[in-house]
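Structures for review follow.
Each of the next two complexes has subunit A plus one more chain, namely subunit B in the first and subunit C in the second.
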Partner chain A sequence: MTLAKSTLPDILETPEWRVEGRDKVTGAARYAADITRPGMLHAAFVGSPFPHARVASVDVEAARKMPGVRAVLTGADVRPARFGRRLQDWPVLAWDRVRFIGDRVAAVAADTVEAAERAAAAIAVEYEELPAVFDPEAALAPDAPVLHPDAAEYTYLGGTRPPRSHANMQGHVVHEHGDVTAGFEAAAAVFEHEFVVPRVHQAYIEPRASLVWIEGDTVHVVTTNKAPFALRDQMAVTIGVPAAKIVVDTPHVGGDFGGKGLSLDEFALYFLARATGRPVRSVLRYADELQLSNTRHAARIRLRTAVDPNGRITAHQGRVVFDGGAYAAGKPVAGLLPGGPTLTLAGYRVPAARVEAVAVYTNTLPAGHARAPSQPQHTFAAESHLDLIAHAMQIDPVELRVRNAIRAGETDVEGNVWHDSQAQRVIATLLAASQWGGTVGLDHGRGVAFSARHVGRGKTSLTLTLAADGSLEVLTGVADQGGGAHTMIQRVVARELGVDVARVHVRRGDTGHANVDPGVGGSRVTPVAGNAAVDAARKLKARLGELVLTLDDAARTAAPLAVTGEGEQNEHVFGTYAYSVEVSVDRATGCFRVVDAVLVADVGTVINPVAVRGQLEGGFVFGLGQAVMEELRLDDGRVTTTNLGDYKIPTIADAPSLRLVLITDAPGPGPFGAKSAGELANPAVGAAIANAIDAAVGARVMSLPITAEKVRAELAKREGYAPTSPDGTADSTAGRR
Partner chain B sequence: MKLSHTALVRAPRSRVWKLVTDVPAAARCVPGVAAVTPSGTGKYKGSLLVQLGPVRLVLDGDVALTATDEAAGKASVRADAKDSRLGGTVRATMDLALVDKGEDTELRITSDVRIAGRIGEFGQPVIQRKADQLMTQFAECLARTLA
Partner chain C sequence: MRADRRLIDALRDDLGCIGTKEGCSIGVCGACSVLVDGKLLSACLMPAVFVSGRAVTTVEGLARGDELSPLQDAFIREGGFQCGICTPGQLIAATALLAERRRPSDDEIREWMMGNLCRCTGYHGITRAIKAAMA
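Up next, the complex of A and B:
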């Protein structure tokens, strides 16, 4: 080897500076809504006021004549264009039927946003209302109104749409392994509980924005979509333009949390750009974000678990009903369910299981992916369920988890055998770090929750070029959605080559320049793009070896020298984590407060130490919001929390202290043994808090968000007194013991 | 959105009935209503100006008395209105019930209000408060008119 041994301290031991950090803190970073084109027009849309209706007529004459208006399109102009990540079931503009409040029927391009909005308001649409269905169980009734009678026409990307037993099902899956019947028959006890988790929004700061223009025969798209190559391919099908003639560019993304894989406006903007010959831009108002976009699925989860006399799980059954909303377009996975739909007892040994999951069409805004799809719903249910079992069997809740947490060689709830497991270690570390079993104050209680998240899988490639000035440039298609992907790539390349990080420059390319990448998501970037970065650095070293040159000599004599690094991660590997949360509860009001929280997480080798902490602390606060305050409320299909005043998310004032303990010496399949962290922390927060409240005052809340009102109602039920009436006439001290 | 309001009007039921089913007369008791004109049997056109914080909405639309049962003291009113400046529609179905309370009459109004478009984005607490305020003023005005 001709490379000199590095004398630098190990890069991974040094806290990182973000590649894009300076631009972001100085305001130089450009986001999709910052980008303009000469002659650019602005779009506005007309949405349905009805949850389910036939579009009888759309009168655009008045709108067309208004000043500044350049184009007005209706469903008839775009028919039969529909969009979606896997199933293209969402009309770009509805031509015959609207399926939720806000479903778009017309689009305007005008010189200013104001002119476009005035014209949109002047479009007269006549509707004939149809019976609407808002409850997924009601939508599965034999005589329920069918939302998608023309489903046979829909394009399903990448194969054949799986069969369904009811027209209102988006996706339906049943997982079964082991002898479930025998497991239940042999059980010492069987427990069954039902849990409800509402719809929540990803609540990123930056609303969706997009800009589309046509140059020659090439369609250019600037977008907030975090998966530009996937958008390009979806768009090719929707608009009927070959993917090679579409260039998608994703500048910095201002927060994603799983929601920005679905594009809404880009397709209509293409038709407007085509009609006007001008660039057309749309920036969603936040009220529209909360009313139109792909939220996390609301879910009703029924779990039934059989245990032996020691509390060891012998068999498990689950039925999960996800409210999919009006379109399945937001779901990228083949089964048209949110990812991991049957992972109802993540991280436990389950010898026999039968879990059924269904996503159902309703006349509400479409649901899609959000940080760790399905898992906040499932983990709230599973970890509350196990606590109830522990309580009933008089087993310490941590001990019950020790007895059931999966070990290497055992089978999980989805029938996968784990070849490695840090689950026991995570729980043992939590016991020590939280001093579990110690005493807590009056009306204080501690709850534990344990869970698992897969290390991301997928495939990508990137290019690494040695330039004549000795610098190294990485060109990647991975978007920057805030997780630190580019910094991770920079550090991996620098460490592998033994050079200073400042010598490695990471550049993001649009779909016309960078190699194909599946997009940010699924906890995939570090293990997949990180492995591609390692591979690129190794290939460059091999090339230098062939040339018998040092890096510096090669820069002088052989540059530019380019290699392509390939990264692939298909192993079925899980990271596990556990929380201990302490709460104090006011019995009179049901108000509670998290006073202490400990998170133990198995993250493998850490590449970006600051970002890992950010992901886990951020995941905790994200999970906390969804655990105790967030709910996208609907009233007859209409979102009533249409701003961030009514839809509350946590601020720093709501964030309790969190102690973080990382397990980093159990290597994963990512670069240098990294695992994933981005979706590791948020799902288990709700159950940890629910368990802590129950331990404190004996109030068990079976639905999220856990509010003071729900705690108070449970206390009232348990202690047999009426809660205080709204006018405050009841004795508010009656519940005190 | 379902709203319900109850108000006591210090007048006998027959007089209250007469007033509340006379749409132009009753509308004069709704603060912000301008120009209610008949547009067919039991149908009227009108406009309502509502101030919601800093925002002024002008709701233009139709009001129709869809059912009346004087013996039972029950009536139904349907209103469809549009605000064209901000963009949005309001559709309200109101069921009125008059109940004898000695010499007075209790007026019970249950409304199912559907608000669409931008004016629906005010948030329910704001809309609820405005509806409560309008209803209170409506009932006070009825009582004054009948005094």
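Up next, the complex of A and C:
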């Protein structure tokens, strides 16, 4: 790893030692599925076998009498409880209608998992099938079956639901700025392409788990949800218990990647706990993770871009259709679209744009947030589109990006003016590091992809206490999903106070003890919680100043001394990054291999060097998996990739080496000038590979995942012969399990 | 014990050894890796009765008292984990690897560790940690 420039010869230069490191390597770290309560029962659910049906009757009599069964609930018992992060449109248990295969109609609590599952299997449900719709475009037809005729009853958290022009729309937005018509009229050339991106799963290794019990009038929840305060507030509305009477505790989270902001089981567990007076736990089986939970949205993206004779963008149009699945419950943002829905050309100067995005209800499993929502879809489309434009205009692909990458003072595709931009530097650094333009071997090719991701915004607070023994304790509500948040807070406080890191202890508190935090996500933790840590340290220093005491004297005479640090980051700031990827392609089979990859990323000041490297390397391989092998396949609404053997994610043998070049001297709005890193690497991998394959052998793949089969089909088209099709799906990378 | 009781359940539920994790439940992810008489196995596939009378090593058994094993130490220093859910399995698998081959090559590391999925690190930190531990 190369650091383009280093300025801080201090704590930040020392590789961090994770505060939770020892627990995680000794097996002591507790995750939600590790937590038990005396008298705990186990839950099981009954899911619909039909994608769309009316629930005619549910017969639970036999199940109730089975050994070990303590409670059986149906939709009638929980009505009208629905859940969701923004729009509460998902019934805890369906009482009149099921909308996807797996939608739950009954829940059981029993002494053992086996007893609960046996009882669930004994519940007899009668359904009357309804016409189902699986394709979002079909769902937008005037006569399409309406999935949510009762939408007017749904609770929308925090305001009023934006209007929609079709009952099957979840969210719909149109962004427009500049004179789009004039931009197209004055253009030297106009290019239009359509791209398709499938559903993929976050595929964390830890399935969701939760445990709920009621003590007095307080509801306790232990969960894998990475945003405990948000879950508390959503739950308060769903179950009708005041938020102050719900305590949510998120122990270590075994990976999130955007998916674990939505809880599935906790609501039903509350009703089971209430019915039995006992703690009730549920640990999802991985098969259910893949069939029930909020995947990334599949998308169809049509881009139309006008350029001047030099390839400079003059105007841009986009239409994006997201498959939202049966419920919008997984989407936290106000528009009920995945975040950044109209950010179709991230990081470029776009003088005029009109981009329309819509998320649509279909009778498939619900879609929600996944690492850098919308961006893997948009970046695959945008960076493939620009390469096609470069090719048609006979401009070098990197040069085309240099001409269009945004500079300070210019306007991006969403109409935001950038006050600062490292885009040109990122591309220039990539040019040098990748030896762009140099020769490559036969059937080898290099592809470039550039993009931008916001530095997270939001607000949080934490408390910092100086104890009598001189130690400093931070209490935070930020959950640990693996990003290294607690270590970041520790280092920021220690650096600001000029003390050894070992003196600062970071403790995570549940929602009953810690200050409100919006949850891990949106590249928010370092810029927001980090600023709260700086603020806390500064306030403590100010108190010491007032008392005219040193830290050690204050510990002896004035402890405990507590301050609250506030952090807020509302600036519209982007980090930019670019890949150069070299592939080698086997023309006979379409198989390809990444032989070299370089990532240049503008991350600002680095607080946790080991974690930043890990986020970028991990993001690269995550992005690679979603680019070349992952697809949650559906057949008439039924997920067919129902286990981690069928839904393949990269193994160690699939991880190519990656050269990282960090730009660290352009300060961002986070602590000491930090920006974000967690969502910088994954979105652009697909386009870089597609562009490299096209450069190598002239095969352009317009959809993800980029498989050997697709590459070969494109080659065949160009070479004018029909390929002999192999059985099953082709492997797209070497050395898979 | 019932013949169909899985080793993972016996470890986690009966013995309270919750260091061993369950991910995929079908022998693919390696989160449940344990050593049985030194041999690397998936506890989600293994009936508990099969290990009767044999020595089972889980992540809890890797440190000597307070002293971390070289691999555990290297996983912390080299970024061998993030969320940590795959880490008990990775450490057990890597421990078995280094017992088998003192100085595995990069290819041998890749081949051996293929059965242990990690969604966080992109595996680079894990490879660095294994190499650091054998140095």
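Basically, the second predicted complex is superposed on the first by the 715 of 737 C-alpha atoms of A that agree within 3 Å, B and C clash if a C-alpha of one lies under 4 Å from a C-alpha of the other, contacts with A are read in each partner's own complex, and residues count from 1 in each chain.
Keep in mind that, in the parts below, contacts are C-beta pairs under 8 Å (C-beta built on N, C-alpha and C of every residue); 3 or more make two chains touch, one makes a residue touch a chain.
The structure displayed is predicted, hence computed values, not measured ones.
Clash-free side-by-side placement of subunit B and subunit C is the outcome of superposition onto subunit A.
Set against each other, subunit B and subunit C touch different numbers of residues in subunit A, with C touching more. Legend: residue contacts after superposition of the two complexes on their common chain; A:Gly618 is shown touching subunit C, with no touch to subunit B. Of the two partner chains, neither subunit B nor subunit C is touched by A:Ser165.
Look at A:Thr439: by the touch rule set out above, it reaches neither subunit B nor subunit C. When the shared chain is aligned, subunit B comes close enough to touch A:Asp636, but subunit C does not.
Of the two partner chains placed by the overlay, only subunit C lies in contact with A:Pro207; subunit B stays clear of it.
Of the two partner chains placed by the overlay, only subunit B lies in contact with A:Ile101; subunit C stays clear of it.
Once chain A of one complex is fitted onto chain A of the other, the partner contacts of A:Ala121 are limited to subunit B, with no touch recorded for subunit C. In the superposition on chain A, A:Gly645 makes contact with both subunit B and subunit C.
Legend: residue contacts after superposition of the two complexes on their common chain; A:Gln394 is shown touching neither subunit B nor subunit C. Minimum Cα separation between subunit B and subunit C in the superposed model: 11 Å. Note: residues 643, 645 of subunit A belong to the subunit B contact set and to the subunit C contact set alike, using the contact criterion stated above.
Residues 12, 17-26, 28-29, 31, 58-60, 62-63, 68, 72-73, 75-79, 81-88, 91, 109-111, 113-127 of subunit C are the ones that touch subunit A when the two sit in their complex.
For subunit A in complex with subunit B, the touching residues are 47, 49-50, 101, 117, 120-122, 287, 635-636, 638, 640-643, 645-646. Partner subunit C is touched in their complex by these residues of subunit A: 15, 17-18, 20-31, 33-34, 202-207, 252-257, 283, 285-286, 480-484, 610-611, 613-615, 617-622, 643-645, 649-653, 655, 657-658, 735, 737. Only residues 1, 84-85, 87, 89, 114-118, 120-121, 123-125 of subunit B touch subunit A when the two sit together in their complex.
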